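Please read the structure below before turning to the comments.
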Amino acid sequence: MKVVLSVGGSLLNPGQPDFAFIRELASLLRKLKSKYHLAVVCGGGMPAREHAASIRKLGGSEFLADETAVLCTRSNAMFLIAALGEDAYPLVAKNFKEAAAAMDSGRIVLMGGTIPGITTDTDAALLAELIGAARIVNLSNVDGIYTADPRKDKGAKKFSSMSFSQLVQLASQHDERKAGTRFVFDIIACKLIARSRIETHFVYGKEIHQVQNAIEGKKHAGTIVK
Amino acid sequence: MKVVLSVGGSLLNPGQPDFAFIRELASLLRKLKSKYHLAVVCGGGMPAREHAASIRKLGGSEFLADETAVLCTRSNAMFLIAALGEDAYPLVAKNFKEAAAAMDSGRIVLMGGTIPGITTDTDAALLAELIGAARIVNLSNVDGIYTADPRKDKGAKKFSSMSFSQLVQLASQHDERKAGTRFVFDIIACKLIARSRIETHFVYGKEIHQVQNAIEGKKHAGTIVK
Amino acid sequence: MKVVLSVGGSLLNPGQPDFAFIRELASLLRKLKSKYHLAVVCGGGMPAREHAASIRKLGGSEFLADETAVLCTRSNAMFLIAALGEDAYPLVAKNFKEAAAAMDSGRIVLMGGTIPGITTDTDAALLAELIGAARIVNLSNVDGIYTADPRKDKGAKKFSSMSFSQLVQLASQHDERKAGTRFVFDIIACKLIARSRIETHFVYGKEIHQVQNAIEGKKHAGTIVK
Amino acid sequence: MKVVLSVGGSLLNPGQPDFAFIRELASLLRKLKSKYHLAVVCGGGMPAREHAASIRKLGGSEFLADETAVLCTRSNAMFLIAALGEDAYPLVAKNFKEAAAAMDSGRIVLMGGTIPGITTDTDAALLAELIGAARIVNLSNVDGIYTADPRKDKGAKKFSSMSFSQLVQLASQHDERKAGTRFVFDIIACKLIARSRIETHFVYGKEIHQVQNAIEGKKHAGTIVK
Amino acid sequence: MKVVLSVGGSLLNPGQPDFAFIRELASLLRKLKSKYHLAVVCGGGMPAREHAASIRKLGGSEFLADETAVLCTRSNAMFLIAALGEDAYPLVAKNFKEAAAAMDSGRIVLMGGTIPGITTDTDAALLAELIGAARIVNLSNVDGIYTADPRKDKGAKKFSSMSFSQLVQLASQHDERKAGTRFVFDIIACKLIARSRIETHFVYGKEIHQVQNAIEGKKHAGTIVK
Amino acid sequence: MKVVLSVGGSLLNPGQPDFAFIRELASLLRKLKSKYHLAVVCGGGMPAREHAASIRKLGGSEFLADETAVLCTRSNAMFLIAALGEDAYPLVAKNFKEAAAAMDSGRIVLMGGTIPGITTDTDAALLAELIGAARIVNLSNVDGIYTADPRKDKGAKKFSSMSFSQLVQLASQHDERKAGTRFVFDIIACKLIARSRIETHFVYGKEIHQVQNAIEGKKHAGTIVK
């Protein structure tokens, strides 16, 4: 059974690589790899936002800003490869073709961003479609999907489960197409999982036990969209 | 001065290639090529929708459905290359890198879709960002942007001009991420031109004089977003 | 044991995809996949001929006409991937290197055309050489090789078996290097199987039981060249 | 005006590179480069035949034999690049896409073989189609096309000009699809120039004045097919 | 006249991009671009060293450490593209083939690292060989080549000029093949410029007037190797 | 357990392919392939030196000279593929990404050179780093590492084992960066195995029993660096 993880860049790299988190996640993936065929799409985090800001400051295009952000997602994927050692395919997949080919190695496949204008959440959704993943697990620094942004609205309530169309509606209000904006899940990604009806789990990445439950399709403290 | 055209697939190929339209568009582009450095992104039209439907009928993934649709966009781009002859770069650009390289030939560059999940309108917006286009001209089978879909709502009013944020708001309600859905302009494309503030013209493609005015940045019967 | 199938485009796509045939063929391949390692090269059929004709009508080169035809072969390969689901490598191989790599997935590998000027029969023969296939099975809409074209010459007699040199001689008279010409087997393909002495079976594709026999190297109603 | 040269490997490399010929040809091309936009496809010659024979001796496939032969064609192309210096595009084009892109450099473009099963004459014909060459000049070690092989048949008569269909008929009898067979012009190449009606000149490569006349479309001692 | 610049990463990015330096360098390159055809190879600087260290800390291979460092060199190249705007080829060349092709655009070409194990100084030397550059200008944070490391040895004396063999001898003692080691010029790079006898100038990058003199082949405060 | 072999070109191809050696080596590799996962990097030998010399003679760059030499390494790799038949991955890996992907086939992977300026010994060291090889075995025409070149200095003494730093020191004196120079082990390769502490065995390639011992990590007549 194939599972795609979309790991928020802010978990992997909030300025510097979070070595403890990277190692803990690697341990979990290694433990589960005999039962699940895993592909992991890594976000860019703070470095991606900073690189993109530098490009803009120098007068570069948004396309170029996104391209530097993509490089940061690949660095993060490499950190996870380093921690996974032999259990990871040794090179970051740069596009869907490379990812699909790497899956045949039987190892854990790491991917970052692909092209400008597209978030790594969208990449994860497209990869899940391509390889026929049973589910997507989204690891971010919030513990599920709320009726509003819980960092701003104290009264926001977390969904334990929701439908694809509910998700799409929530997501529609936020997207801004700049490298490094942080949201629960990109609207395009939402629409992709909705069109293909791919069960998607949203969990707080730092609670590694929740992540495990989500990968295994068990009950967890986050939100399940199906 | 660089101008990117996004040509709706339904204009190029409403089932069969529309030879008259293709030739007329080619004539216009040839006429303008000494003044403007042109890149043309072609949509898939009816064949793209039919191919995607066939894939779904056979049980294939949405990713695969999109991939067949991309092939149709490239066929349409080839028809335009055929009509342009020596004035076109002789091969369809398959990604942004190839398109940027082909621009250095000084010839008209043709492109279709790139990856699944992304419309050719989005490709056009990304290409415009990359090459620093002065404006985008969107050719479709409606004559501008309306307050509502003019095919369904008789009271819909056409904008002669509108702001980027107005456009983004209108577009937010429609997108569905399936190959071949036809809308004025994909929401991601809208957000991309908004983030980069690329002046974009929406014209009815069959009124070739309007298209010329739009390419030249002159007044026309369609809608200007800036 | 590796077997390469060359499937005539007219079987897969006589204008529209032949869903019944595609599903039936997929069923057979799925049934045989544990015993044979299969690669399938798909032809372009009617759409390829029509696309090529459109290119010519618009003044495009024969090279470009062939390129559109190649896109049609890839669409047909995607239809078969859709029908095969998990049993197929999920992406169409675009060249021999990709096909050889995809073979290592253990799944059924789908390929269309490669470069202009070369038929998919030739691609099938080259692929068979590269991967060391035990035999090629050619599925077309005729039920074997005749002394003359059975559609034109009522007195034509079918060979149950023939030598490589007999095949080469017969094929020499027909080839025309235009996308979409339909012949039993391209002359270059004939010469390739002759130089490598690859046993090749010609069967009527719609008689799926004959196809099975041919794949398994058993007696069938078509023609065996060896 | 674009002209494609197909230079026989036996001229460039009859065992060792023929430095005198390579330099003389380079001088001519340099002299003509301001008037003609030149692409040169190089054959493999003796080394190609020897490499292919070694592969066969070791039990390798014909596909692999052809691949080694392709490497030899690229070595020969590099020798010509070396002799042309700044006037050549500095890298050998490995496929038609690279060749078309390199043409935009304005420099002389060098190419060798592309894929197994295809001769460099065929590559030259395809390239001529793609770039819309006005003519092809074939340089070999015979001084034109004869009614029979002049090395074997003393009564063979040289054509000063002939039609495409005459050429196709003559060529049909010889082709064998083994790397390094030496013929006037590969049958597929003949059919390609016939389908696209590309004027083709056959001259003895060592008579450099004849080569110049052929490139310039003037009368020469060889054979013109048109 | 072609000139290759090798710009030390510590100049471009001593932790954060040095916006002032990047802009100043961009101004100079823009000013000189009509007289010199420029290619710029960017080093990785502090981020490259930090990324490589993170990979090692997580147990990753030196190969992977180098790969992350290469990503940092490309980020730095993108910062320079951003500052150069229209005057730069809009995408970073990832290998020599891409760089050679981008040179034909007539614009300033940016490149970072290529493969693990190879410094950007070596990349600059190889690129200079490939495109036939008249000279290389090495910008670093030391103002020339000394008899010993001037940061450690107060008595070190600067060469105003030296021979290739002198340079090779000096360089032989230092190289360590880890991403991010900082030396005047990598030993392999030294040997490459020696074998091709490419005049190479070493200047303190921050003294932009010295850099200009070096690019123009005029006298400057650094070291000339020839 | 993965083992990388670096096979000297002079063993594989001292002017002509050494069929006896190639077959003997292929036999050994085939015998060991169930116990060791093998990758073999082939050198260029005499043909590489001759090709490079021809390029120089014609006025070509050292870059181009290296490129022809790389083609020769790939020819040699193909000869070994031919001899290995089904046990080899059927195509030569052209870069590290292709080699890593081919390793997942479970077959013996063949590689030649990668880019100019880099020896195949260095390629072998980089590949060993990437795939995490347990050891490298270097096959050359000398039977180990000596205190001096045994062909020139009769008093040279062979090391049975030595440290990485001893190796690096010895190697530092020789490297010249010209295609086809023959040394025990390229200095960069030495530094790479030192930085990654990859146990490396140097054996006389023609004593196939010594080669087997080295692959198996057993005692042999050559030199072990660790």
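As written, the chain order gives the labels A, B, C, D, E and F, with residue 1 at the start of each chain.
Rule of thumb we're sticking to: contacts are C-beta pairs under 8 Å (C-beta built on N, C-alpha and C of every residue); 3 or more make two chains touch, one makes a residue touch a chain.
Treat the numbers as computed from the prediction; the structure is a model and nothing was measured.
**Student:** Which chains are in contact with both chain A and chain B?
**Tutor:** C, E
**Student:** Between copies chain A and chain E, what's the superposition rotation on C-alpha atoms, in steps of 5 degrees?
**Tutor:** About 180 degrees of rotation relates the two copies.
**Student:** Can you work out the whole-Å distance between the CA centroids of chain A and chain D?
**Tutor:** One centre to the other, that is 52 Å.
**Student:** Indicate the whole-number Å distance between the mean C-alpha point of chain C and the mean C-alpha point of chain D.
**Tutor:** 30
**Student:** Determine the centre-to-centre distance between chain B and chain C, using the mean Cα coordinates as centres, and give it in whole Å.
**Tutor:** Once rounded, the distance between the two centres reads 35 Å.
**Student:** Any idea how many Å lie between the Cα centroids of chain B and chain D?
**Tutor:** One centre to the other, that is 41 Å.
**Student:** Where in chain A do residues touch two or more other chains at once?
**Tutor:** 61, 63-64, 85, 90-91, 96, 101, 104, 130, 132
**Student:** Chain contact graph: line, ring, star, complete or other?
**Tutor:** Its topology fits none of the listed shapes; call it other.
**Student:** Run through the chains and report each pair that touches.
**Tutor:** Pairs flagged as touching, ordered by label: A-B, A-C, A-E, A-F, B-C, B-D, B-E, C-D, C-F, D-E, D-F, E-F.
**Student:** For the complex, give me every residue of chain F touching chain C.
**Tutor:** Per the stated touch rule, the residues are 85-86, 89-91, 101-102, 104-106.
**Student:** Using the touch definition from the top, list the residues of chain A that touch chain E in their complex.
**Tutor:** Its residues touching chain E are 16-17, 19, 22-23, 51, 54-61, 63-64, 67-68, 71-72, 74-75, 78-79, 81-83, 85, 90-91.
**Student:** Which positions of chain D touch chain C when the two form their complex?
**Tutor:** Going by the criterion above, the answer is residues 61-64, 95-96, 114-118, 122, 125-126, 129-130, 132, 172-173, 175-178, 187-188, 191-192, 194-196.
**Student:** Spell out the residues on chain F that touch chain A in their complex, using ranges where they run on.
**Tutor:** Counting only chain F, the residues touching chain A are 96-97, 100-101, 104, 130-132.
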